[in-house]
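Two complexes, one shared chain (chain A), two partners (chain B, chain C).
For the complex of A and B:
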C-alpha cells in the first residue's frame, strides 16, 4: 500500500499535472490553429476592450439579466467555482505540500474555513445533480456524461473531507483523494470541463461581436 | 397548449423523398467538415448542458416550458446527434431538424445573451439550415422566396419595370400632397441611396410614399435605383443559401457604388439590416459594410437632431415600442428609437422586458416566410409575446420592422389584443411639419 501511495503521490502526480498542462496548451493551440486555418475571419472581430467588458460583466454574480432570473443557482455556481480554486490553492495541507516539495509558500486558509468551503463545493455538486433530475429543461439535455463529470469533480472533495476528518482508513482515503484529484486534473482538457479553457474565448468573442459590431450589451 | 406536431410541408416532403442515408451523411460531414471550425468545436465542447438559455426563448416560454423548445434543446435535437453519429442520421431526423431549425428558431439571439459562455446558438441553427438547404429540404414557401431572389434579385418576383412603375406611381401620388416632390431615380452622386425590401413595392407602397415624403420635407439629396439591386432583403440568408446571399448583397452594394452615393439608408426592416450590415458584407469578404448602412431608426434620429424634420403634433394616445432583434440586439438602436418615439408621442409605455432583452415577434429569421403550413404553430409559439403586449394596456404598438409587423399582427388577431401596429415612419409622416404640403 505504501508503495502505491509513493507512486500515486509522486510520479502519477507529475503525470497528471503534465497531462493537464500539456493537454491544455494543446487544446488552446488546436483551437487557435483551427480558427486560423478555417475561420481566420474571426480574428477581425475580436476586440480586446469588448472581450474584457463581457468577461468582467459575466464574472460578477447577479450582474447579468439571466443571473437575476436564477439567483439561487448563481449563488451556488459562484460558490462552487470560487471554493474549488480556493481549496486547490490555499488549503493548508496543499500549501504545506508545495512548501515541502518546492520551497514555495503562501498563506493558507484557516482549516475551519477550508472545511466549510469543501462541504459547500460538495453540496453544490449535489445541487447540480439534483437540478439535472428536477428541472425538465436541464434533464432534457442531460446524459450520463454530465453525472460522470459531476462525480469526477465531487470525488476529490468527498475524499478530502474524509481525509481531513480522519473518517475511514487514513491511508486509503488519502490515496483515493490524490487519485481522484489526479484523474480530475488530467481530464480537464479532454472533457467538457474544458470550458475552463474555452470560456474566455467564447465569451470574449461574443462580447466583441456584441460590443464592436452590434453596439449592444451581451448580458 | 398542444403538443408539437411534425408539420407536413411540401418542400420538406418532396426533398425527403430524394434523400438517401449516404447523401445525408456526405452532406452533413461536408458542411460540418468544410464550413465550420473553431467556433463550433468550442461551442459544443464548452456547453455545460446547464439549460440556462431556456428562459431566453419565446418558443420555450410560450410552449409551457416544453424543454424540447429551449435553445439548447434544439441543439440537442439537431447538431449533437449529427456530430455524435458523424452524419449518420435518418431521413425522419432530418425532416424534424428542418422544422426545428427553420421554423422554431427566429435566430433572434436572445439566448446568446443568456448563455454564461456566450455560445451562439443562432449560429448553430444557421448551420443546420445550411445542411437542410444542401439536402434540398427547405420549406416550400421560403424556398420560393429564395428562388425569387435568385431569378429577380428581389424577394417578391417584382419585375424590373414593375419596380419603376411602383415608384413613379408613388411619386405621382406624392405630388398631390407635395407638388414639387420627387422620387429621384438613378441620380448619380446623390448623398443617399434609399433601399427597401420587396414587399414595399408589392403591397406596402404607402411606406415608400411616407419615406419619400420625409426625404422631401427634410430636403435631402437622395435617390433610388431603377435597376435590380434595389431590394435589400435576403431570405437566402435564412435558408442557408450563402451563394445567393452573396449575389444579392453584391448587387446591392454595387448598385450603391454605381450611383456613387455616400451611404445607404434602409427602410424599417430588421432582417434586411442584418443582411446588409452584419451578414452579407461578411460573405463578400468585407469586415464591415463597404458603404455606410443606416437603418431607418438611426436615420430618423439624425434628421430630428439635425433639425431637418420638426414635430408638428404629438400622438396623444399612449403607445408602446417593440424592439426588433436585428436593429436592437443587432445594432443597439433602442435608445435612439425611443428618443424619436418620445418626440412624436406623448406617452411611451414600455413593455417588459424591453430594449436588448425584448421578446421576439416569432416571425423573423425566415420563420413567417415558411408560410401557411407553419402559421398556427408559430402563433401558438408566441403566447409569451401576446401576454407581454397585453400587459402594456395600450392600443398602439410601434414596431419598426416588417417581419415583426407580420408576426405581431398574427398574435394580435389570435389573442384578440385590440392593438394597432404602426411603423415609426408612419407616425413621423403623420406628425411632422410639412411646410410645402397642400
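For the complex of A and C:
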C-alpha cells in the first residue's frame, strides 16, 4: 500500500497535472482554430474592454438581473467556487506540501475555516444534485453524466474531510483523496468541467457584442 | 440482572474510564517527537516510539537520523544524538538547511517513501 501511495502522490500527480495543462492548451487552441475556420467574424467583434467589463460584472454575486432571479442558487454556486479554490490553494496541508516540495510558501487558512468551507463545498454538491431532481426545467436537461461529474467534484472533498478528521484508515483515505483529486484535475479539459477554460471566452464574447455593437449592458 | 445492577455496572465502567483518562497521558515522552521548539501546535504530536522504530527498521547507526552537516555537507562518522533537532534546524528554512518541520517530514516521510515502508500519509503519524 505504501508503494502505491508513493506512486500516486508522485509520478501520477505529475501525469494528472500534465494532462490538465496540455489538455487545456489543446482545447483552447482547438476552439480558436475552429473559430478562425468557421466564424472569422467573431474576432472582429471581440473587444477587450467590453469583455473584461462583462466578466467582472458576472463575477460579483447577485450583480446581474439573471442572478437575482435565482438568488439561492447563485449564493450556493459562488460559495462552492470560492470554497473550491480557497481550499485548493490555502488549506494548510496543501501549503505544507507545496512548501516542502517546491520551496513555495504562503499563509494558510485556519483549520476550522478550511473545514467549514470543505463541508460547504460538499453541501453545495448535494444541493446541485437535488436541484437537478427537483427543478423540472433542470431535470429535463439532466442525464447520468451530470451526477457523475458532481460525484467527481465531490469525491476529493469528501475524502479530504475524512482524512482531516481521521475517519477511516488514514492511509487508504488519503490515497483515495489524492487519486480522486488527480482524476478530477485530469478530466477538467475533457468534460463539461471545461467551463473553467471556456467561460471567459463565452462571457467575453457576449460582453463584447452587447457592449460594442448594441451599446447595452449584458448583466 | 436487576435494573440496580445495571446502574452499578454502568457507574463502575464510567468511573473506570474517567480514571484511566485522567491518570495516564495518551503518549508518554519517549513515544512522541520533541515539539517544544514549535510553540503552539497545529496538528497532534507525531507518534514516534524511538526504540520500537529502530528495532523494526533494523537501524543501528544513530547518524542516519542524528546527522551532522557542516557548510551544507554531511559529515561522515559523526553523529548528533546529544543535540535536539531544533539546535540546528530553525523554524524557517535557512538557505539549503530545511526548517524544523520540513526536516522532520523529510527525515521521516522521506525515508519511509524511499523504503516503501512505514507511515506516509498525514494522519498516520499525527493521530488525533
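By our rule, the second predicted complex is superposed on the first by the 219 of 219 C-alpha atoms of A that agree within 3 Å, B and C clash if a C-alpha of one lies under 4 Å from a C-alpha of the other, contacts with A are read in each partner's own complex, and residues count from 1 in each chain.
Everything that follows uses one rule, which is that a residue touches a chain if its C-beta (ideal position, glycine included) is under 8 Å from a C-beta of that chain, and two chains touch if they have at least 3 such contacts.
None of these values were measured; they are calculated from a predicted model.
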Practice item. Could you tell me whether chain B and chain C fit or clash when both sit on chain A in the superposition? Key: fit
Practice item. Check whether A:58 is in contact with chain B, with chain C, with both or with neither, and answer first, second, both or neither. Key: first
Point to revise | Superposed model, chain A: greater residue contact from chain B or chain C | key: B
Point to revise | Geometry of the superposed three-chain model: angle at chain A (Cα centres of chain B and chain C, steps of 10 degrees) | key: 170
Review point. Between chain B (first) and chain C (second), which, if any, makes contact with A:92: first, second, both or neither?
Key: second
Review point. Counting only touches as set out at the top, which of chain B and chain C does A:100 meet: first, second, both, neither?
Key: second
Practice item. Quick one: classify A:173 as touching chain B (first), chain C (second), both or neither. Key: second
Check your understanding: Is A:163 contacted by the first partner chain B, the second partner chain C, both or neither?
Key -> second
Exercise for review: Quick one: classify A:6 as touching chain B (first), chain C (second), both or neither.
Suggested key: second
Exercise for review: Determine, under the contact definition given at the top, whether A:111 touches first (chain B), second (chain C), both, or neither.
Suggested key: second
Exercise for review: Give me, in Å and rounded to a whole number, the least C-alpha distance separating chain B from chain C in the superposition.
Suggested key: 35
Check your understanding: Which chain C residues qualify as touching chain A in the complex?
Key -> 42, 93, 98, 101-102, 105-106, 112-113, 116-124, 127-128
**Study point:** chain B residues within the chain A interface of the complex
**Key:** 36-39, 41-43, 45-52, 54-56, 60, 65, 67-68, 70, 72-73, 76, 112-114, 116-120, 278, 282, 287-288, 328-332, 334, 353, 356-357
**Study point:** chain C-touching residues of chain A, taken from the complex the two chains share
**Key:** 2-3, 5-6, 9, 92-93, 96, 99-100, 103, 111, 163, 165-166, 170-171, 173-175
Check your understanding: What residues of chain A sit close enough to touch chain B in their complex?
Key -> 31-32, 34-35, 37-39, 41-42, 44-45, 54, 58, 65-66, 69-70, 73, 135-143, 146, 192, 194-195, 198-199, 201-203, 205-207, 210, 213-219
